[in-house]
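Let me begin by handing over the structure; questions about it come next.
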Amino acid sequence: MALDTLRLLASCPDRPGIISTVSGFLYERGANIVRSDQYTSDDGTFYLRMEFTVPTGHRVDLVETYGLAVANPYGMSWRVADSRYVKRIAILASKADHCLVDLLWRWRRGQLPAQVTLVASNHPDVAPTVESFGLPFHHVPVPPGRKADAEADLADVLEDQCDLVVLARYMQILSGGFLGKIGVPVINIHHSFLPAFPGAGPYERARARGVKLIGATAHYVTEDLDEGPIIEQDVIRVSHRDDTARLARLGADVERTVLARAVQWHCEDRLLRHRGTVVVF
Amino acid sequence: MALDTLRLLASCPDRPGIISTVSGFLYERGANIVRSDQYTSDDGTFYLRMEFTVPTGHRVDLVETYGLAVANPYGMSWRVADSRYVKRIAILASKADHCLVDLLWRWRRGQLPAQVTLVASNHPDVAPTVESFGLPFHHVPVPPGRKADAEADLADVLEDQCDLVVLARYMQILSGGFLGKIGVPVINIHHSFLPAFPGAGPYERARARGVKLIGATAHYVTEDLDEGPIIEQDVIRVSHRDDTARLARLGADVERTVLARAVQWHCEDRLLRHRGTVVVF
Amino acid sequence: MALDTLRLLASCPDRPGIISTVSGFLYERGANIVRSDQYTSDDGTFYLRMEFTVPTGHRVDLVETYGLAVANPYGMSWRVADSRYVKRIAILASKADHCLVDLLWRWRRGQLPAQVTLVASNHPDVAPTVESFGLPFHHVPVPPGRKADAEADLADVLEDQCDLVVLARYMQILSGGFLGKIGVPVINIHHSFLPAFPGAGPYERARARGVKLIGATAHYVTEDLDEGPIIEQDVIRVSHRDDTARLARLGADVERTVLARAVQWHCEDRLLRHRGTVVVF
Amino acid sequence: MALDTLRLLASCPDRPGIISTVSGFLYERGANIVRSDQYTSDDGTFYLRMEFTVPTGHRVDLVETYGLAVANPYGMSWRVADSRYVKRIAILASKADHCLVDLLWRWRRGQLPAQVTLVASNHPDVAPTVESFGLPFHHVPVPPGRKADAEADLADVLEDQCDLVVLARYMQILSGGFLGKIGVPVINIHHSFLPAFPGAGPYERARARGVKLIGATAHYVTEDLDEGPIIEQDVIRVSHRDDTARLARLGADVERTVLARAVQWHCEDRLLRHRGTVVVF
């Protein structure tokens, strides 16, 4: 018997009986729960992620009846993701290629549960690299004073091409209008341990401040620069001997690892946004 | 309405319906699940930990009926721990006091969800320290060739006094007979990153081998020295400049942190043994 | 032949010949260099730390002639510290005792190369703990609106009693006037990974921001709150499950370790201040 | 005036005057020391690394006279490395390409102070990747029972082509005879935290043992498998949820980082072998 693996993500005001209702509903439809995570936030919101297998024939009925049978009585926000659906990723980069190349190699090795569909950049430098992976490359320059036009071009490039946009050291601020227009989540990697050193030049400022660890932060992009919900962070030890160039080189290893983890988790439907933060299941 | 917080720990062969059955059973008895963790091992064993609140009056009935209603049909091993029951801990130490003192301070600050009931040692050195915490101290020397007698004395000291024995750098090997006699779990801290450097003198051997990280391992004690199921490990970076004395000093900070975590998790009923390993929920 | 171990700390504009001159000078006076560290900052300042042994009889002559023979020609700032001179430390605390207790235990075990001479606090809570270590305790309350008086009292307590003041979670801001008056370095532990979350309530703000690592920072105290030169930092991983109380408990382990390292390095004369940063040799 | 940057690496029995003699010698020849590191091992051996600039014209004389003027009187082993000489690296790989690709990208970005000259493998799989970097690829199969022939072929491929051989997950044991014949240092990456889990299948064994951290070890290769001097190690946290495939994927990130650091340090002449260990300056 063929099985589908589905992932239910749900949130609602906490009250007794939610797990019993959900798991009972799933059991009646022949599902087997393989992983379940829940969390109730300080403000009383219940979050749930259940991964379960279900006979292929039961899938449609299960999804169709869930709303009426379970979600409505609990006032639940929910979605069911099918693990067979491979999310499409568009990557935006600028000149630095370490995060881009890292993602492309993971994808080529089959380690990224996603399909990279295109790469776009405001510079042409990474074109040969992208093309060596057999991927379309789009050069969308951002001339001074023409940001709105560039964003319109970029939106055209991305339209219907992706379920997620990854900013792999894309050194342009995206407007709220652009984010609204593309309508898919955007993940950015910032080269500091936020909220330390938001904005430009974090390695220079880390050096001037004499910090003993530098870091990187992957976050969902919102209109507020470097203020979006944090998905993942990591750090590496440095010393006074490491000048800014060396901080940038050491930091690059952290950036690519942190970004890869965030993208992986997003594609595995393990991330739920809760106010300004992210629950990682 | 008064609520009890209970923790159900269960394992059984995996099959569909377990979570539905358990959570339905709990819901019918007025319980609210506040945290649920599950894991199915490679060999098909299902492990579950559910923490839930239940009206005080329902507790006895819930525990009494669980076996027949839930556990038996699934062939389940299980227990329910009441979070109000504070586990009693006996600590064994030798001369080094860093792990002992660390546990006693956490306990005094109310950060250890347990009651330390006594400390015993094969040396008298830590007696004043123990007594300054208002705790009974037992000196149980282990003279050469008199190990069996010493273990008998130690078993007498521990009898009915504890739900857990913690070896806080107790430098004596315990026999299988002793472990069987005391009949409660024993947690040890080993001063290396096991399985590297089992047995005596790990810091000397780490130094001779030129490792770049040293570590500590907390594990349940079994008859096989340093082979018991690993609960927690951590490491710290070292260099050629760190001689053995300095390795020991740096390692002491790791030892006490790792041991404290392991003891805390045990007391929170978060550890399930699976063959030679430990599932940490 | 009796040997003294001395530590030379020096800085001057970088130019060829410094090491040759210094080491030649030392060799002629019978010294044996056991460790040497140097660093030239981006702005061309040369920093040197040399640890060396010298026959006891030669010490005075060496120190007296160094200025004329070596320091003056190079325009060098310098000092020679005698490792036999044990620095005197005064510790200031408030109610939380984890950093205080950690330092006191390291000191009692002989692991802190320093002499703790007194503890003062704006609260009486830690008095019994301090006295159990056989140390004088001074209660210097800071009533609202009477900060200047309290600082005057505190300065009296500290006068001639210490070579270093350690703020072990002392929750009072010290004025520039006070710092000038006591005239010895002051090391503080801040419970965040600076420059993230300066000021009050860092764990609350870390929780609200959803960071994935929390940290602690030891720094020299200056008039500018939480802006002083950073000595050491470290972090620990956290998740959405860790509420503020748990962040504080996890962070406490990082705070005490980071502070102990900073104090240890200061007492070993391994720290040189360079503009707003600290060179750790 | 043109300057050369040279690196002196030296070891000899420790005694007073070494630094004075070396730095005086360098100063007289117009050198400026930019970094100096020293270490005296427990057994009284003095190790020194000095990086210095010297007017181009003085270089030959300096190297020629050093032996007589400095090294001989102290019984010193020594060499002077010219930072302009770029070491040639040959990389051996098998089927897994993550370490290989990581090194090649660092090299292409100009972050590896070395020249990769060729890649050889016992499998043809990585050929297209290697060729996309414009590098020669040599397929040297190792059929069962024909290891000696294969090693002879491999030695022919490497002859006069490299100053360092890097085993980037090359899954073949090299004989002492082969190591002697190629006559250059060989660095290997082992996919465990040695001395834990030497030999084959470390991730399987880590999983079975239930360790909480997995690691990787870069070491110089000797005849004794996985016993060579350790250069660098690092670890990553894992849990019972990570099956062997996932351990391998997580470990791959550690492997490539650890190997890259070791190769970088070797190429910067920062590694000195001391008995079975490595001093990292």
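To keep things simple, chains are lettered A, B, C and D as they appear, and every chain counts its residues starting from 1.
Basically, a contact is a pair of C-beta atoms (placed from the backbone, for glycine too) under 8 Å apart; a residue touches a chain by one contact, two chains touch by 3 or more.
These numbers come from a predicted model, not from an experiment.
Shared contact partners of chain A and chain D, listed by label: B, C.
Considering the contact criterion stated above, the chains in touch with chain A and with chain B alike are C, D. Set against one another, B-C and C-D show the most C-beta pairs in contact at C-D.
Averaged C-alpha coordinates put the centre of chain B at 42 Å from the centre of chain D. Taking each chain's centre as the average of its CA atoms, chain C and chain D sit 37 Å apart. In chain A, there is no position where the chain touches two or more neighbouring chains simultaneously.
Looking at the complex, you find that chain B touches chain D at residues 39, 41-42, 193-197, 208-213, 215, 229-230, 232-235, 239-241, 243, 274, 276-280.
Chain C meets chain D in the complex at residues 15-21, 23-24, 26-27, 30-38, 40, 237.
By the touch rule above, chain C contacts chain B in their complex via residues 97-98, 101, 105, 109, 111, 132, 249, 253, 257.
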